[in-house]
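In what comes next, subunit A is part of two complexes: it sits with subunit B in the first one and with subunit C in the second one.
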Partner chain A sequence: MATSPAEPTLRDEAATAMTRLRTRSLTMRFEGLVALDAVDLEVRPGAIHGLIGPNGAGKTTLFNVVTGYHRPTSGTIELDGRRIDGLLRHEIAEAGVSRTFQNIRLFGAMNVIENVLVGRHSKIAVAGVELAGRMRPHSDHRALAAVRALPSAPRAMLHGLLEVAGAIAQPPRVRQTERAAIEHCAELLQFVGLVGREHELANNLSYGDQRRLELARALATDPALLLLDEPTAGMNPAESASVVRLVRRIRDELGVTVLLIEHAMSVVMGVCERITVLDYGRKIAEGTPAEIQGNAAVIEAYLGTSAAQGGGRAAPRA
Partner chain B sequence: MRELQEGADRRLRAWRGRAAGGAALAAQPWHAARERLRAAEERTRLPIANVLVLVVALSLPFWPVIDSRWLRILVLVGIFVVLGLGLNIVVGYAGLLDLGFVAFFATGAYTYAILSSPASPALQADLNWWLAIPVVLAVGSVVGVLLGLPVLPLRGDYLAIVTLGFGEIVRILLLNVVGLTNGAQGLFNIPRPEFAGWVLEALDHWYWVLVLASFILAFAVGRMRASRMGRAWEAIREDEDVAAGMGVNTVKYKLLAFAMGAAIGAFGGLVFAGFFTFVNPSSFTLLVSINVLSIVVIGGMGSTPGVVLGALILIGLPEVLQFDETSRLLSLFNPIVPFADTSLWGRQLASARFIVFGLMLVAVMALRPQGIFAAARPQVRLPRASGR
Partner chain C sequence: MFWFDQLINGLTIGSVYALIALGYTLVYGILQMINFAHGEVFMLGAFAGYFVLLAVGGDDLGGATIIPAIVLAMFVAALASSSAAVVIERIAYRPLRNAPRLAPLISAIGVSVALQNIVLRMTGGRDRVYPRIFPGGSFGFGDFQVGYIQAFLIVASVLMMAALLVFIQRTRTGRAMRAVAENRATASLMGIDVDRTIVTTFVVGAALAGVAGVLQGLWIPNIRGTMGFLPGIKAFTAAVVGGIGSVPGAMVGGFFLGLTETVGRELLSAIPGVHLPNEWSDVIAFSLLVLVLVFRPTGIFGERVSRRA
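Right, the complex of A and B next:
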């Protein structure tokens, strides 16, 4: 699988500076099914990048692989030139990748501000140990996390002890970072438009507000790259338009690069600067919205062979 | 246009809130009182309710009705409160269903027994009870992690089955590692806690020690819950995968939950061994695990007052029902109840306690699934200044 840990970035410094996310021949196989087949994807910093394709094309699988929910069968993933494949999920989150889910997944029995605070987890100090921004170097261990933790057992225990001691004693540093985190979360809730709902249980929010809360929570990890899995699914045109505005503001005001899966063509074509099309796990096209709309392979994937032959030049109906 | 729409939405929500949520809240018996208390506590910055409970609890031995039988029961209840506080972390906060909690109780009791009993076959360490506290906490948390490691990938019912087995394994080990535990005969003459000549023996002293220990533990557990660690636990309970995606090291926090629960459970065992001065494997059966779990569930998962109430009902009540006074009180009903000796009701109820527990569990689950004292939510509130 992966060849060497943390490839030297000198070789293509110029190229990496241009890329936020890069996958190289990323392949994901489940038993016989090839969900991702040698996908090369490049997302530029500051872009709003669309990922489209028919159902079962492997879009969500790509998200799951990038965020560490699945280990890729082969291929590499780099974030700003640094390898993140093989990292654990929380390490990938700390490295700067955050996401939302196709079917909203909130911490239902926790209130709104607490949901966002969980995203702020690694920014809160642990009894004098500054954790924020710290990361273990890339390692090629493929074993279970538990096994991986064993060689450093004493260190892990010390860490656990500090965590408990810090929680009980609440030294000033912990309290101060916690307060800062709460303030940050309040700002994020303001940003997504959930002011005044901070103390409501996440489960009691309306569908649209739950989507907004999920966005706020994802933003709380200070991501460099935000993966949005169908952010406007199940919304009416007005709601969907306000989410699109929000996505733009996330990029423009917070400077977060966005990669989004979307089925509503009006949304994709309207908000994305670049689009990648997947079909049966393979990348079949990439380009600007205009290029994608005229692409024969894309039309074939969406409408079938005859449509592509018959009216290959015609723009697909969105 | 949009503002108009949003304004209408807001009004509609407010109306719904009053109609549904408001009515439901008002229907809760102590809601108004609790709100007033919360307001008073925010004004005075003093946990009035806690202080009141502590004062009442500490003064109990001075009440005329409280004699040694009561104190003995209260000490027993106290031990189960400690156990409940421990299991509450694992089950209530982190949502990890543990049916083998007795293993940690046994670990604590036997750790102290082996290190202090003159009957201990392996070593004669003669460890002081007070000095044993850190030892037992450390051993307990290590055993908790050892249980936690193999069950890391398991959830729900699978986790329950494995922990159930773990509890039994520990009991069977205690029976069979005779060279360390003295097997079925158990370990006796375990020294009572002693500090500078003061031996903890009197029932009321034991009771006070347990009240204070419970309060300290409840405070520590409350702090843990309100920290990022507690939020990580709750996030794991709600959705482990998402928690990981938000930067929570789920392995670490699941192990921490097991370790903290186990350490507190082991402390309960330490108290048990010091109080009864005798341990043998038959005290550490599956029934203990079930009792503690019932306490947590009936009281309200994730709720500290719930644990106390659950322990009082499940451990204290059956004992009190067997008192002679209870019989005498119940015999007052004799004239109005034909064909029955009402004075026996208490004892009968106590001997049928497991039927009653079963019915209570069914009733609580059906009528009030969140438990009698639903966990006080929400935890984090915006500071006044930065709100709105």
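Right, the complex of A and C next:
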């Protein structure tokens, strides 16, 4: 496989002994509703970890909290041992968390390669002192120290001006990282199976291809942890099987740890090594697929809701 | 030739409108907000350029030295306008980012009035006059004459617009601006610093307006604290005509409005019994705004009139 982004593997070596994602007593309340209730979750490096539960169990909320879309009411989140709760969304993305969405959220007015390049944003250089300072946070060059000491408004202005100036002047470093990004993104498109579609509008892709594009975009951020929110939703069995293969390759070939929400039990049981079950915001079970299938609390949670909904959804098969 | 002159006048004023209109449309695209202080950002650019030209010699400038002088004036004006826009965004808009949409609009009008009056006060209410350094002649064939200054305005604006298009389409920063405009939350989850991208958008729009201020000053030398008001509203009209939120729309809308005010007005005047002297330009421009808002609120290039609502 030509695509082998270097960073995730490096991260793996540094963090093998650690837990990739760990939440402790993670709680999220929305005006009276407890969406997450003291959830302790551990995702091991290199795992494909499933997150299941009836509708409204808090699965997507957990994704939203981990990615910084919501601030948790209480509790902590660690990525490779480093606290990430409280960081801004783009900082969490840069720290190594990426995701796809249940309802696809591509940039529809952009073409395919541009969508992936957006994911690559923070890997492309901008000109200027401030950026150099960001890339080498411990450099003690006097100019960098001066910039860092500026109050935020002038610093933002300086950065805005440098960003514009750099984009216009296109110094070699900017051009070189942009070219590298385009190459990398083309490889990712090949990896997800979207070769030769670079210049089509994202909105014009078929549903399945849009899901693949979202995967490529999420991978472009070089994630250590990839959160997939129902990656096979709305797909026929053949499409669904090919996405499952893709998820395995993301872990095996790119070394990315995967946490996925999925309603299709065949998918969850087939691809995940460990499964966590949420119900009403609480973790009610955790274990291997076999353990989960035999778990009384899980069966009850599923049968209870599926009975209430007229039996529309399958319970985990024993 | 009369009609040719009108055409050139329309393109000249249109290029100023287009440059300012881009600032409206960029900010609207990313924040769905009309930055009514943008006319004052243009005015501040005109003043910054004026002071630079005075400092480097004023009326004594001549020959080839006017080229670096004008480039420096444009550069400093872009810097001054951008700085002003960043400060305005920080103190008047960002705290209202999640407030009802009317709040930042009112805040913008407040900033606009405040800036007009601060500059009026600092200048003692008197006009300042740009040094007349640009050669006054014209070139062309026979009756088809174009003033040097007008040619300069048109060419400079078109070059800047071309650069802007490349910037938006081809650079990481431009991509980030488009991503944030389309979906702020998703962009941030993909690693884009949304606040910084918004600041950059203000910087870009303001830089164009600042340069437009200098261009207009070189052409119509009198500048004052309130000079930004009318071009600001006209450029807003141009942005709406072109389709607010659309970058090509603001460019086309600017030239379209400039031509409507000049060629369009004269065409109407050619109808027997109709006489519309120059003062009718504003009536025509704003009638156009009303007509567009009534019959095609999305403008020439706009498709999405409200992404959020």
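Operating definition for what follows: the second predicted complex is superposed on the first by the 264 of 318 C-alpha atoms of A that agree within 3 Å, B and C clash if a C-alpha of one lies under 4 Å from a C-alpha of the other, contacts with A are read in each partner's own complex, and residues count from 1 in each chain.
Throughout what follows, a contact is a pair of C-beta atoms (placed from the backbone, for glycine too) under 8 Å apart; a residue touches a chain by one contact, two chains touch by 3 or more.
The structure displayed is predicted, hence computed values, not measured ones.
After superposition onto subunit A, the partners subunit B and subunit C occupy overlapping space and clash.
A count of residues in subunit A touched by subunit B and by subunit C gives the higher number to B. Contacts of A:T67 after superposition: both subunit B and subunit C are touched. In the superposed model, A:F107 makes contact with both subunit B and subunit C.
Contact with subunit B, but none with subunit C, is seen for A:V195 once the two complexes are overlaid on the shared chain.
Touch criterion met: A:R217 reaches subunit B and subunit C at once.
Of the two partner chains, subunit B is the only one touched by A:A186; subunit C is not. Shared contact residues of subunit A with subunit B and subunit C: 67-69, 88-90, 93-94, 98-99, 101, 105, 107-110, 114, 117-119, 121-122, 124, 126, 156-157, 159-160, 163-164, 166-168, 170, 174, 178, 217-218, 220-221. Of all the residues in subunit A, the ones that touch subunit B in their complex are 67-69, 88-90, 93-94, 98-99, 101, 105-111, 113-114, 117-119, 121-122, 124, 126, 144-146, 149, 156-157, 159-160, 163-164, 166-168, 170, 174, 178-179, 182-183, 186, 195-196, 198-199, 201, 217-218, 220-221, 238. Residues 67-69, 88-90, 93-94, 98-99, 101, 105, 107-110, 114, 117-119, 121-122, 124, 126, 153, 156-157, 159-161, 163-164, 166-168, 170, 174, 178, 181, 217-218, 220-221 of subunit A are the ones touching subunit C in the complex. Remark: subunit C residues 79, 82-83, 86-87, 90, 163, 167, 171-176, 178-179, 182-183, 185-196, 199-200, 202-204, 207 touch subunit A in the complex.
Contacts from subunit B toward subunit A in the complex involve residues 2, 5, 145, 149, 152-153, 220, 223-224, 226-232, 234-235, 237-239, 241-252, 255-256, 259-260, 377-383, 386-388.
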